[in-house]
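Before I ask anything, here is the structure I am working with.
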Amino acid sequence: MQKTLLALGLGTALSALSFGAMAQDGVNLVYWSLWNEPEPGANVMKSLIADFEAAHPGVTITPVWNGRQNQTTVRNALAGGTQIDIMDSDMDGLKGGLAAAGALLPWDAELAAPAPGGEAGTFGDLFYPHLLDMASNDGTLYQIPYMLYAYNIFYSQGALEKAGVSALPEDWDGFVAALEQVKASGLNGIAVESDIAFYNIKWFNYLIERVAGPDFLMRATEDKTGETWRDPAVLKAVELELDLWARGLIPAESRGYQWPAGQQTIAFDETAVELVGSWLPVELADTVEDDFKWGAIRFPSVEGGLGDVNHVEINSHSMAILASSTHEAEAREFIKFIASTPSQQRYATDAKIGVANRNVEWAPEVAAARKSLDEATLILSENHGIKAKYPDYSTNVYEALHNQVFLGSITPAEFVDQMVARTKEFWANRS
Amino acid sequence: MSDTVYQSPPPARRISRVPGWVRRLPAYFLVWMWTAFTLAAIAYVLLSAVKSKREVLRSGWNLPQEFIWSNFATAWNVGRLGDYFLNSVMVVGGSVFAILLVSTPAAYVLARAKFPGREAVTNLFVLGMGIPIPMLFIPIFGILSYLRMTDSLTGLSLVFIAISIPVTIYLLTGFFASLPSELESAAVLEGCNDFQVFWHVMLPMAMPGVLTALILNLIWLWNEYQLSLVILNSPDNRTLPLGLYSLQNAMQYTGDWPGMFAGVTIVIIPTIIAYALLSEKMIAGMTMGAVK
Amino acid sequence: MIRKRLIVLFLAPASLIYGGLFLVPTLSTFYFSLFSWSGFGEQMTFIGLDNYTRLFNDTVFWLSLRNTLAILFVGGFFVFGLAFLYTVLLTSGIWGKKFFRLVFFLPNVVSVVALAGMWAYIYNPRSGLLNTTLSAVGLTDVAKTLWTSPDNIFWAMLAALVWVFTGFFLILLMAGVDKIPTDAYEAADLEGASLWQKFWFITVPMLWDVMAISFVIWMINAIKMFEFPYAFGFLQVPQQLYTLGIYLYIMGFGQRDPIYQLGYATAIGVVMLVITFVLIVVVRRLLRREQLEF
């Protein structure tokens, strides 16, 4: 008996020793990434990892470059028991996915702590106002946003100059008139990709917001009878966007454009504008001429509408720590390092991507997007929150049906009828 | 099959005096239409691989102003295609060998032995051909992690073997069943035991069928990417289709379309050459299984 | 006589691997299909057959089913129509038969990802191979067609699919034709039979077995069709391209959206399985012949 106890004691001591030795040997954080390896975003991440490792002897980070469907890959790996400490993904995707499933560690206790790297203020102060609220699930924050993209109307300054348009107006009628001028000069007005429903939906998102206010979409989605979709505002928004086609401001052949055929016409100075997230200049960086100049305006206001030109829809990439991580402290340290101003500045400068840290200057290509965020009185999440809360409705019903009406496969009246029916169907199937 | 009686066609028009090659002109025309299209499509990929990023999107069939050969180097280095080629060779080679090793004996027994439940067992195997692969992502991942084989080429090979067994057994049972039984009986009369009959008599006769299975599995597994995508995670372990897939993703996000086409070229050129060299054997083998 | 010991020995390895890594996972999905389950952790709620009643009322499911059946029947019609046509042409004694056969089969050895990328460039409205070629030969009106517009994209994808699969079945059918004793054709030639008559009265009856196998292979592939239309959809697969396999993937894995309804997704898989088996039984009944019995 005594021997057994002794053996146990020894064993424990030994394992404690070896644990201590291991801690000294180092902690390895496994980070599964939404970046593809050759992307600028991944290159910056690599250099940041190197800096972090240099500053924290004993901590190493193993990145796994999975690309944008990272969360799905992570979920599969977790189901298989793979050890992952840190991952990143679309903010709304995480909200509806890993965060909702309780698989991530909360951050709320950290927000009041001092900012990393001796910066003034608290950690929470580093971020754009409201961003952290938007990232939270029922008041608990499970993710730290680090990349930030605004949906704006991006334009080629060269194309506008060629058409003699000095500035794009931020009201709908003025905007349409300016594009008419662009069209008259022989250029195309607006670039559209027919197959990417989640790009095209932004036209309707903004128009319905400008016409009926920022809460309309969620209200219509959550109306179990679907009847809210019969509100005249819906028809009005659809008719405004279809008017762009009718006027030829969106060239008819766009119905056949498969991404990235549409956006490329901007790089070739054939088209003036596109409604898209602020990643566009990065994607086209190697395709445009060296002297190409980007600009952006906020989505125009609609006269007499309940929305506001200062309401901006965004997309964000966030980092998160998995609840199963055994290196919580180091993982938090790393994410704080990524969110710190110097690291974020490197993203903005080297990769030309907008960032979630409000103290950072953005690259000239996306400076206008940053300005729209600075002036924004309301930041809206993807599809006004529907994507995170009802992802299957968002993809299968809302975006899919909208793409049909936007591309002229169904009439506006059919769109309304089908939205009513399919919303009803969605709620009936959900119960 | 050879004993099937075919009907004599009814007498028709007289043999025409037009020479054969003239009568075959429409055939040549139709065949060349298809062939030209396919070759043009491939040529288009090759042409796009040596253009600049701007040119590739605009110049269509025009020759590039300047041949950018460095696209190949970029794709090769960024895509690590050399490493992934080796991974693919290992996984596919190992899997195909193992598939035949386990399926051939099983198919033999299912085709030639008499035991209760034989048909049921055969059906159970063949049933697997209709199972949609996406359905299996989660349970397979669970089992592999239990075996500590997620994100490993061995784990992927095991899965490849499992999913290829149905079609292989389907082909081979058909093949074994079609072999004449005279030789088998003769061998038994000469004192061969059952294993010897299999090894010395039936297996050699079934070789064309085994070759068929080998080639079909080779083609399918060489290009497989759904399951690999779920099972493999670390960049070191990627197979060639996965490497190409992630290269394509990466190139899309950086607008490097020529780089993507260069990657595609690097992957398909060896495949096409190997195919051209092996095609006679391959087609002969492939068709022997299905066509008895 | 094959002894019991050998039977067991020969069947065991295949059964073990197949059972453990294929059959058991499949059976477990039947079980999963009775649950509401996100795939994260263990939170599974038993909901009985609710997933199946929901499928019945799900517009997108019916759309995916319709697309899958369109691939199966319309695609199958063209695949086999063209494969037969070219079998006849290529075995009519033209020169370079082996070369042509090689080219026809070529798409089958190229990665699907590469093929999809290539077709996107073929269909591009302005700079694509198709429209530039069409306008070059003077068909300027046809060259204005938007092959990948929402009304056409499914058929555009299907055409590409037919291009791939025709070569595959062509090889099978041609090999069957090569097996037909040449004296059959010689006799027919002596009697002055036309190409068509030879095809109908000699080729088809003697190809029966090959056809049966080809149909079964096509059905299985058509119903679980996933990779090609998926790759054809690039960033986001348009709903016009949804097949049952893609819808299963979207509901279970969501591409970039956090849909993650694994229970529901597996129910789609079960339906696919059932359709496959019903069709296999039907086709094998219809084409039954003694030789077909494996």
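Brief remarks follow.
Here the chain labels run A, B and C in written order, and each chain numbers its own residues starting at 1.
Heads up, the rule we're going with is that a contact is a pair of C-beta atoms (placed from the backbone, for glycine too) under 8 Å apart; a residue touches a chain by one contact, two chains touch by 3 or more.
Not measured: the values here are computed from a predicted model.
Here the largest set of C-beta contact pairs joins the chains B-C. In this view the innermost chain, defined by its CA centroid being closest to the centroid of all protein CA atoms, is C.
Between subunit B and subunit C the centroid-to-centroid distance comes to 14 Å (mean Cα coordinates, whole Å). Chain centres here are Cα means. That of subunit A falls 36 Å from that of subunit C.
Centre-to-centre spacing of subunit A and subunit B amounts to 40 Å, using the average Cα coordinate of each chain. Within subunit A, residues 68, 76, 79 each touch two or more of the remaining chains. Shared contact sites, meaning residues of subunit C that touch two or more other chains, fall at 39, 234-235, 253. Looking at subunit B, one finds that residues 57-58, 137-138, 252 touch two or more other chains.
Residue ranges on subunit B touching subunit A, taken from their complex, read 53-54, 57-58, 78, 137-138, 141-142, 144-146, 150-151, 229-230, 233-235, 246, 249-256.
Of all the residues in subunit A, the ones that touch subunit B in their complex are 32, 36-40, 64-68, 73, 76-77, 79-82, 260, 264, 267-268, 283-287. Here subunit C touches subunit B in the complex through residues 1-4, 6-7, 9-11, 13-15, 17-18, 20-26, 28-29, 32, 39, 85-86, 89-90, 92-94, 98, 100-114, 117-118, 121-122, 127-129, 132-133, 163, 171-172, 174-176, 178-179, 181, 184, 187-189, 191-194, 197-198, 201-202, 205-206, 209-210, 213-214, 220, 223-224, 226-227, 234-235, 244-245, 248-249, 252-253, 262, 265-266, 269-270, 272-273, 276-277, 280, 291, 293-294, going by the rule given at the top. Of all residues in subunit B, only 1-2, 4, 6-15, 20, 24, 27-28, 30-31, 34-35, 37-42, 44-45, 48, 57-61, 101-103, 105-106, 108-115, 121-122, 124-140, 143, 158-159, 161-163, 165-166, 169-170, 173-174, 177-178, 188, 194-195, 198, 219, 222-223, 225-226, 240-241, 244-245, 248, 252, 260-261, 264, 267-268, 271-272, 275-276, 279-280, 283-284, 286-288, 290-292 touch subunit C in the complex they form. Those residues of subunit A that touch subunit C in the complex are listed here as 68-69, 71-72, 75-76, 78-79, 90, 92-98, 100-103, 194-198, 253, 255-259, 261, 387-388, 391-392, 394-396, 400, 403-404, 407, 409, 422, 425, 428-429.
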